[in-house]
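Across the two complexes that follow, subunit A remains constant while its partner is subunit B and subsequently subunit C.
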Partner chain A sequence: MAISGTEREEFEKQLEAYVGLDIGLEDRGRDPVNAAMVRHWCEAMGDACGAYTDAAEAAASVHGELVAPPTMLQTWILGGVSMASGESDPRDKQKELHRLFDSKGFTGVVATNTEQEYTRYLKMGDEIRAKTVIESISEQKATGLGIGYFINTRSTFRDQNDEEVGWLTFRVLKFEIAEASASSSSEAAAPSRPQRLKPALGHDNAWWWDCVEKDELAIQRCSRCQALRHPPRPMCGECQASDWDFVFSTGQGTIYSFVVIRHPEVPGYTYPLVVAVVELEEGTRFVGNVLDIDPEEVEIGMPVQASIELVDDEMKLPVFRRAQ
Partner chain B sequence: MPTTLKDEAAIVGIGETEYSKNSGRSELALAAEACRAAIADAGLTPADIDGMTTFTMDNSDEIEVARAVGVGDLRFFSRTPHGGGAAIGVMHQAVMAVATGSAKAVVVYRALNGRSGARYSEGVSGGPTTSDLIHWSWYMPSGLMTPASWVAMVTQRYMHETGCTSEDLAEVCIAQREHAIKNPRAFFHGKPLTLEEHQSARHIVEPLRLYDCCQETDGGAACVVVSPEMARDLPNPPALIRAVAQGAGAHQESMTSFYRPTMTDLPEVDLSARQCWEISGLTADDIDAAVIYDAFSSIVLWQLESYGFCKKGEAADFIRDGALRLGGRLPTNTHGGQLSEAYVHGMNGVNEGVRLIRGTSTSQPAKNEHVLVTAGVGVPTSGMILGQG
Partner chain C sequence: MSIETLRYQDVNVGDALPELPIALTSSLIVAGAVASQDYTPVHHDKEAAEAAGMQDVFMNILTTNGLVSRFVTDWAGIDARITGVSIKLGTPNLPGDTMTLTGAVAEKDETGNAVTVEVTGKNAWGNHVTGTVKLTLPAGD
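Right, the complex of A and B next:
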C-alpha cells in the first residue's frame, strides 16, 4: 500500500525541497561531436541523409559542411557503459531524489515522455555539455502501472562558447510496483501492462471480429437488397431481410468528425487519444483511432487509410492514419 | 377516455434531497427522502400514492422505495430507459397512468450517488452480453467510452457545419451560472464564471472543455403527478402538463447516432418537439422560460433549434445577446441546470419547471405562463410543456 496520512504529508514536503534544484552536476560530452559517432548512429537509425555522413553532399547542402542529426543532442553527453554500473556521484540531487522515492516504496521507474528543441545544427568538433534542473514533481497519481509521482527535469545544452544549442525535458514516473502492493493476493500473474477494453462478442458481431483477426475490415451487406450496413445488425432496416453476407472495405475514407480525448485516462490507452468517425469510400461509417498525428492537425475531411494492427498485447483493431 | 395527453395531469408536489459530492448514505435512502418530500409538498400522505415510476438506470426498485416510504398498494409501476432521455419519459408514464385511470397519484423519482458511487464519467466497460453491450463494443476498444466523448463527436461536426465556437458554448455555461449564483441548492452557488475561466479550463474531450460538462452529483429528486381535478383540492398551485411526449428517431443509437446521413440531425428531439406543439396547440412563441437538458453545453443549442426557438444552425446567434439569461427572450435553466446546480439526470430540472410555474424560482422571470422542460439529447428523448393550472 502507498504511504498515507502524515507520513505522506511529510514525504511530499521533502519532495517540495527538490523542485527548482539544479541537480548539481554538469554532464560533459566525453568526445567532441564527431563523424564516427554520427555514422554509427545514422546506420543504427536507418537515417540516410547525406548532410550527416557524406562530406561532398554536405558541402553542397545548406550547411556547407557535415552536421550531426539534431535528435542526437542527448547522445553527446550520455555516460556510456559507466551509466549501467549503477555507481553515481553523491552530489547528484536527481539520484538522491530517486533514492528518497525508493525508501518510501516507490521503487519502480519508467520514462514516460520527452520534448526537445534544437537551436542550431551541431558541427564536427563542437563540445557539448548540459545542466539539468528538477522542474516539477506532480501530485500523487494513480496510474496503470501503480501509484506514483511524475518527475520533470529540464536539461539545457551549451557549446564550447557557452551558447545554448538546445534543451530537452524528460519525465519519469516513480511508482510503487503493483506486484509489491498485491503481494497478499494469490491471483495468477497479471498481464505485464494494462490492456484495452475488449468487445463483448455475440451472434451479431463475433463474425466481424473474426474478420479483423484475419486482417480484414468487413462491412455487412444485405443478401436481398445489397444495402451495406454498419454496425452490423441481424436484419436489414431497408428491406427486412434476415440473410446477409459481407464485403471487405479498402480502408480508404475521410474523417467525418473526430474528438481528442484527454480525460479520464483509462489504463491501456495512450493520451491524448484521437477517435474519429470515418466515412469509408464504400459509404458506411466506422469509428476508430487516428494514429501518428498531432491532434492539432486532425481535421474534418482529411483522407485517411485504415490498417489492422495490434493495439496492445492482445487485440487487433482497425486504426487509421493520414492517407499519403 | 382522452385521445391526447393535453391537460390530463398536473404536478402538485416536488421534493429533493440536498445535492452534494458525497451523500454518505444509500441511493435508496436518497430516493425515499426525495419521495417523502414530494408527497408532503403535495399535501398528500404515502397512503394516497398508488403509482411509482423511475429510470431503468435507477438502482432503487419501486417496491423498495414504496416500502421505505410507507406506500401501500401500487397499481402502476414502470421504468423508462436511456439515461437522461428518460427524465420526461417518466413524466409521460405518470401522465398516461393518471389519464387512463391506471393510477390516481404517481410519484416520479430518480436518486443516485453519481459522484461518490459509480461515476458516469468513468465510462462504460462491461456487463452481461446484451444488445446494448454489443453496441458499446463498437466504441470501447477505441477508447470512446464516456458521455463527454460521444457528445464531443457530434459537437465537433456541429461546430464545423455552423461556425459555432467554443466561446458560443461558454455563453450557455455563463448564463446558467448567473442563475446558479442565486440558488442555494446549487453546487456553484455564489461562484460566478467568466469567459476567460471557461476558455482557459482544460479540455475534457476536445472540443468540450471542463465547464461544458455537467457535474457529478449525489442526490435525489421526485415529484407527484395527479389529475387536474384532484389538484384543485391540494395546497400548491398545480403545474398543469399541457403536453408530454417521447421520441426515438431513425438510425437511433444510445448516445452514438454517428451513422445518420447528417450526424447533426436529431430526429428524436425534433419528434419530441413536434408532438409537444401538436398536443398543446402552442408554439415556441408561447414559451416564457425553459429547462433544457444540459448534460453538456452544446446540446442546449441543438434543442433550441429542434424546438423552433431559432432556425437550424443558428442557435449560437440566438443566444449571443443573452437570450438564455433573465430578461432575455428565453430564460433557461434558471436553477443553474446540470452544469451548475446538480446532475440528477434531469429530474432536478422537472422540479425547477414546477417552481417556474409557481413563481418560486431563485431566478424567476416575470412572465411564466408556459415553461418547456426537455430531457436527453443523443439518446431517445422526451419533453413536456407546463402551464398554469
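Right, the complex of A and C next:
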C-alpha cells in the first residue's frame, strides 16, 4: 500500500526540496561528434539519409557538410558501458531523488513522454555537454501501472562555444509496482503476443470447444424436434426438450448482418475488425470475425466459408473468409 | 540514398507518409541501445528485463526517436531539417513483434516553411509511440 498520513506529508515535503534543483553534474561527451558513432547509429536505425553518412551528398544538401541525426542528441553525453553497473555518482541529485522514491516503495520507473528541440544540427567535431534540472514533481497519481509521481526533467545541451544546441525534457513515472506483477516470476511473464479472453467452460459448453480443438464446427441439435441451436445451452427453445446431440457444419454460410469495429482497439485483434452474424447453410446463425477482406467490400448476403484457426498462442476459433 | 527532397509547396495538410513497418528483433533492440550509448541493462540483458517485469529486452527511447526521425526523413528527404520531436510512449517494443509507423501532415506554417507531422508507431499491443515531429522544408523554385 502507498504511504499515507503524516508519512506521506513528510515525504512530499522532502520531494519539494528537489523541485527546481540542478542535478549537480554536468554531463560531458566523452567523444566529440564523430562519423563512426553516427554511422553505427544509422546502421542500427536503417537510416540511409546521406546527410549523415555520405560526405558528397551532405555537401550538396542544405546541411553543407556531414551532420549527426538530431535525435542522437542525448547519445553524445550518455555513459555507455558504465551505465550497465547501475552505479552512479553520489553527487547526482536525480539519482538521489530516485533512491528516495525507492525507499518509500515507489520502485517502478517508466518514461512516459519526451520532448526535444534542436537549435541546430550537430557537426563532426562538436563537443557537447548538458545540464539537467528537475523541473517539477507531480502530486501523487493513481495510474494504470500503480500509484506514483511524475518527475519532469529538462536537459539543456551546449557546444564548445557555450552556445545552446538543443534541449530535451523527460517525464518519468516513479510508481509502486502492483503486487500481482511484483510477484510474477519469469515464467509468468506476459506472453509474447496479446492473448484472447478465454471462454468460461462448463458442463453446457465444454463439448463445443472440444470439437473446435479437433477442428470441427459443431451445431447443437434437439433430439426431439431436430431444431439446431447455437450457442450451446441445456434446453431446446422450440420444444423445451433437454435431450440433444450435434451435427458438424460444413462452415459454408452467408453474411446475415455485420459491423466494422474501428475503435476502441483491443490488443490481439486486427483493425478495422469485421464481426459478422453468419447464417450457416445448416440453418442456424453464428458470430465470427471475417478476415482478409476490405471492410468496404463486406455486404449482407455475401457467401463466406469458416475455417478453424489458432487466433493466439493456444486458442482455436472458427473464423470466416469470403467464399471462392 | 538520393531521394528528391520535398519542397514546402509540395506538401499539404493531410498528406500521408509512406507506412514503415519495422521488424522488432533482439538485434535491432540491442543495436539501437548500443548505438545510442544506452547500456541500461533492460535494453540488452534479458534477465535484467525479466527482473523488471518484462518478458524480454525492450527498445530504449533513443531508438524509438531514431526510428521516428528516420520515418520522417525517408519521406521528406535530405534537405529537410528536423527541429523538434515530441512523443508519448505506450506499449513497449519487444522482440518478435512488428511496429508499423504511420503519419500525416498536421500543420503548415509559412514562417520558416515549417511543417508538423503527426506520427504513430503501433505494435501488436497497441500504440508504442504517438507524437509530432517538426521540420522545415526548402522553398520551391
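By definition in this document, the second predicted complex is superposed on the first by the 179 of 324 C-alpha atoms of A that agree within 3 Å, B and C clash if a C-alpha of one lies under 4 Å from a C-alpha of the other, contacts with A are read in each partner's own complex, and residues count from 1 in each chain.
Methods note: contacts are C-beta pairs under 8 Å (C-beta built on N, C-alpha and C of every residue); 3 or more make two chains touch, one makes a residue touch a chain.
The structure presented is a predicted model; accordingly, all values stated were derived computationally and were not measured.
Asks: For A:T284, using the defined touch cut-off, is the partner it touches subunit B, subunit C, both, or neither? Pick first, second, both or neither.
Replies: First partner only, subunit B.
Asks: Which partner, subunit B or subunit C, touches the larger number of subunit A residues?
Replies: Tallying touched residues of subunit A, the top partner is C.
Asks: Who does A:Y149 touch here: subunit B (first), subunit C (second), both, or neither?
Replies: It touches nothing on subunit B or subunit C.
Asks: Let me test your reading of the model: by the given contact rule, A:V311 touches which partner, first (subunit B), second (subunit C), both or neither?
Replies: first
Asks: Would you sort A:P231 into first (subunit B), second (subunit C), both or neither based on which partner it touches?
Replies: After superposition on chain A, A:P231 lies in contact with subunit B alone.
Asks: Now for A:M72: first (subunit B), second (subunit C), both, or neither, which partner does it touch?
Replies: second
Asks: Touching A:K198 in the superposition: subunit B (first), subunit C (second), both, neither?
Replies: The first partner, subunit B, only.
Asks: Answer with first, second, both or neither: which of subunit B and subunit C does A:C49 touch in the superposed model?
Replies: A:C49 sits against subunit C, while subunit B stays out of touch.
Asks: Classify the contacts of A:P295 with the two partner chains as first (subunit B alone), second (subunit C alone), both, or neither.
Replies: A:P295 contacts subunit B only, not subunit C.
Asks: Quick check on the complex: what are the subunit A residues that touch subunit B?
Replies: 196-202, 204-205, 230-231, 256-264, 266, 269, 272-273, 275, 277, 284-285, 287-289, 295, 300, 311, 315, 317
Asks: What part of subunit B is in contact with subunit A in the complex they form?
Replies: Per the touch definition, subunit B meets subunit A at residues 121-123, 125-126, 129, 131, 133-146, 148-149, 152-154, 156-157, 160, 202-207, 256, 258-259, 263.
Asks: Flag every residue of subunit C that touches subunit A in the complex, lowest number first.
Replies: Per the stated touch rule, the residues are 1-2, 5, 22, 28, 31-32, 34-41, 44-45, 50, 53-56, 61-63, 65-70, 73-74, 78-79, 81-89, 91, 94-97, 124-126, 138.
Asks: Within their complex, state which residues of subunit A touch subunit C.
Replies: Interface residues on the subunit A side: 37, 40-41, 43-51, 57-58, 61-63, 69-72, 74-75, 78-84, 86, 110-118, 121, 177, 181-182, 184, 186, 189-194, 265, 267-268.
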